[in-house]
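Note that the chains take the letters A, B, C, D and E in the order they are written out, and that residue 1 is the start of every chain.
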Amino acid sequence: MLIARVIGDVVATQKHASHQGRKALLVQPLHLDGSDRGTAVVALDAVDAGIGDRVLLVTEGYSAMTGVGRPNSPIDMAVIGVIDSIHLDDPPSPSS
Amino acid sequence: MLIARVIGDVVATQKHASHQGRKALLVQPLHLDGSDRGTAVVALDAVDAGIGDRVLLVTEGYSAMTGVGRPNSPIDMAVIGVIDSIHLDDPPSPSS
Amino acid sequence: MLIARVIGDVVATQKHASHQGRKALLVQPLHLDGSDRGTAVVALDAVDAGIGDRVLLVTEGYSAMTGVGRPNSPIDMAVIGVIDSIHLDDPPSPSS
Amino acid sequence: MLIARVIGDVVATQKHASHQGRKALLVQPLHLDGSDRGTAVVALDAVDAGIGDRVLLVTEGYSAMTGVGRPNSPIDMAVIGVIDSIHLDDPPSPSS
Amino acid sequence: MLIARVIGDVVATQKHASHQGRKALLVQPLHLDGSDRGTAVVALDAVDAGIGDRVLLVTEGYSAMTGVGRPNSPIDMAVIGVIDSIHLDDPPSPSS
């Protein structure tokens, strides 16, 4: 899963039936320091996440469908958790 | 899902039977500012999207097959929604 | 699907049984201007594509297996169409 | 699988039910010399890995679900082994 | 599939049961000129590949599980062929 932040949402009236009733969130993947990690993507919401929340993002189809409770749907990304805290215990060292 | 724009289409007469009757769209993934995000890809159309439409693009096989209603087909990308509007509520901040 | 060109083939005698009887093509993904998009990959042939053909490449396991008619096989890329023509109607504009 | 190091963990109280009872580890993929390979990701733990451990990371949904014994769950990354040692026999040469 | 070279192996005693009895190879993906393509990954061996062999690497979960004969296992990469020769017939031209 990626760490991401909810930054908006997307409205599409002409869409696949399986997306009805689920909010399509615009989410920005983040680096550990909170800076942007690539470009924002669109993910269906499975946990009532709100704007500004730091969330867990799944980016694989089968996982995403399951996350929103809609197997056999064209859904490849979903927000499946709201992050309370991140504990960083040991920054990776350059020596193995 | 990625935000993308339909910029053309692809014709292939010698192709897998499961692709018959579905338009193969040329779609350009976009950044939030509308600029190109990498190179255009080919996706089957599930929502009668037209040239110039901003669309939702799934880029995973199982999702894409389901989107166009053809499970067990060699389809790994599909256009599954036409975007009406994008609401950007909160640009990601560099501090977590 | 990606647009790619067939540039060669790969011979492997010691291989998984499911690959027997299918040509392993060396295919180069392409940008829209025909230039190389990353490095060439190896894909099984589902449509009797020939050297130099511009083709449609699926790059996802389940799609690829289905494309060559061999579910439950270790195949993650397949050539599933020969492209006749690409129509580019509307270059993406930088404004959304 | 990728080689990675466990560098922390993530707490999310509002999350998908399938994640209950499994630790969400923060893992940093590594290059062979032990330096960072991209940004850290979040993976469920299947082998009681600890902070600082070098681990095997699967980054695909179906594999990850299976690794943690929870099929049909929104899990796309999992820690499925603790690495004891890496044997590097032959650095890749530039000539094929 | 990617072209790769076997450059070592990885030992993990604390691991998922499905990995028992299969060698975990360290494989380096290659460009066509034999130079490194990104960083080495860990793949299970399905064809008794040896150190130094040029091999075919699948990098997708379902394909990889099938390749090593262990469906429902946390395996997302596998070595499924030993390459005898690569024929490069037609370098991609910049014009389409």
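Basically, a residue touches a chain if its C-beta (ideal position, glycine included) is under 8 Å from a C-beta of that chain, and two chains touch if they have at least 3 such contacts.
Computed from a predicted structure; not experimentally measured.
Engineer: By the touch criterion stated at the start, how many steps lie between chain A and chain D on the shortest route?
Structural biologist: The fewest touching-chain steps linking chain A to chain D number 1.
Engineer: Take the average of all CA coordinates in chain B, do the same for chain C, and state the distance between these two points in whole angstrom.
Structural biologist: Centre-to-centre distance between chain B and chain C: 18 Å.
Engineer: Calculate how many whole Å lie between the centre of chain A and the centre of chain E, each centre taken as the average of the chain's C-alpha atoms.
Structural biologist: Inter-chain centre distance comes to 30 Å.
Engineer: For chain A, jot down the residues that touch at least 2 other chains.
Structural biologist: Residues 32, 60-62, 64, 86 of chain A touch two or more partner chains.
Engineer: A student should be able to answer this: under the defined touch rule, what is the ring order from chain C, with chain E coming next?
Structural biologist: C, E, D, A, B
Engineer: Considering only the defined contacts, which chain E positions touch chain C in the complex?
Structural biologist: 1-3, 31-32, 37, 46-48, 56, 58-64, 66-67, 71, 78, 80-96
Engineer: Would you pull the chain D residues touching chain A in the complex into a rising list?
Structural biologist: 5-16, 18-19, 24, 26, 28, 30, 32-36, 39-43, 51-52, 54, 60-62, 64-65, 72-77, 86
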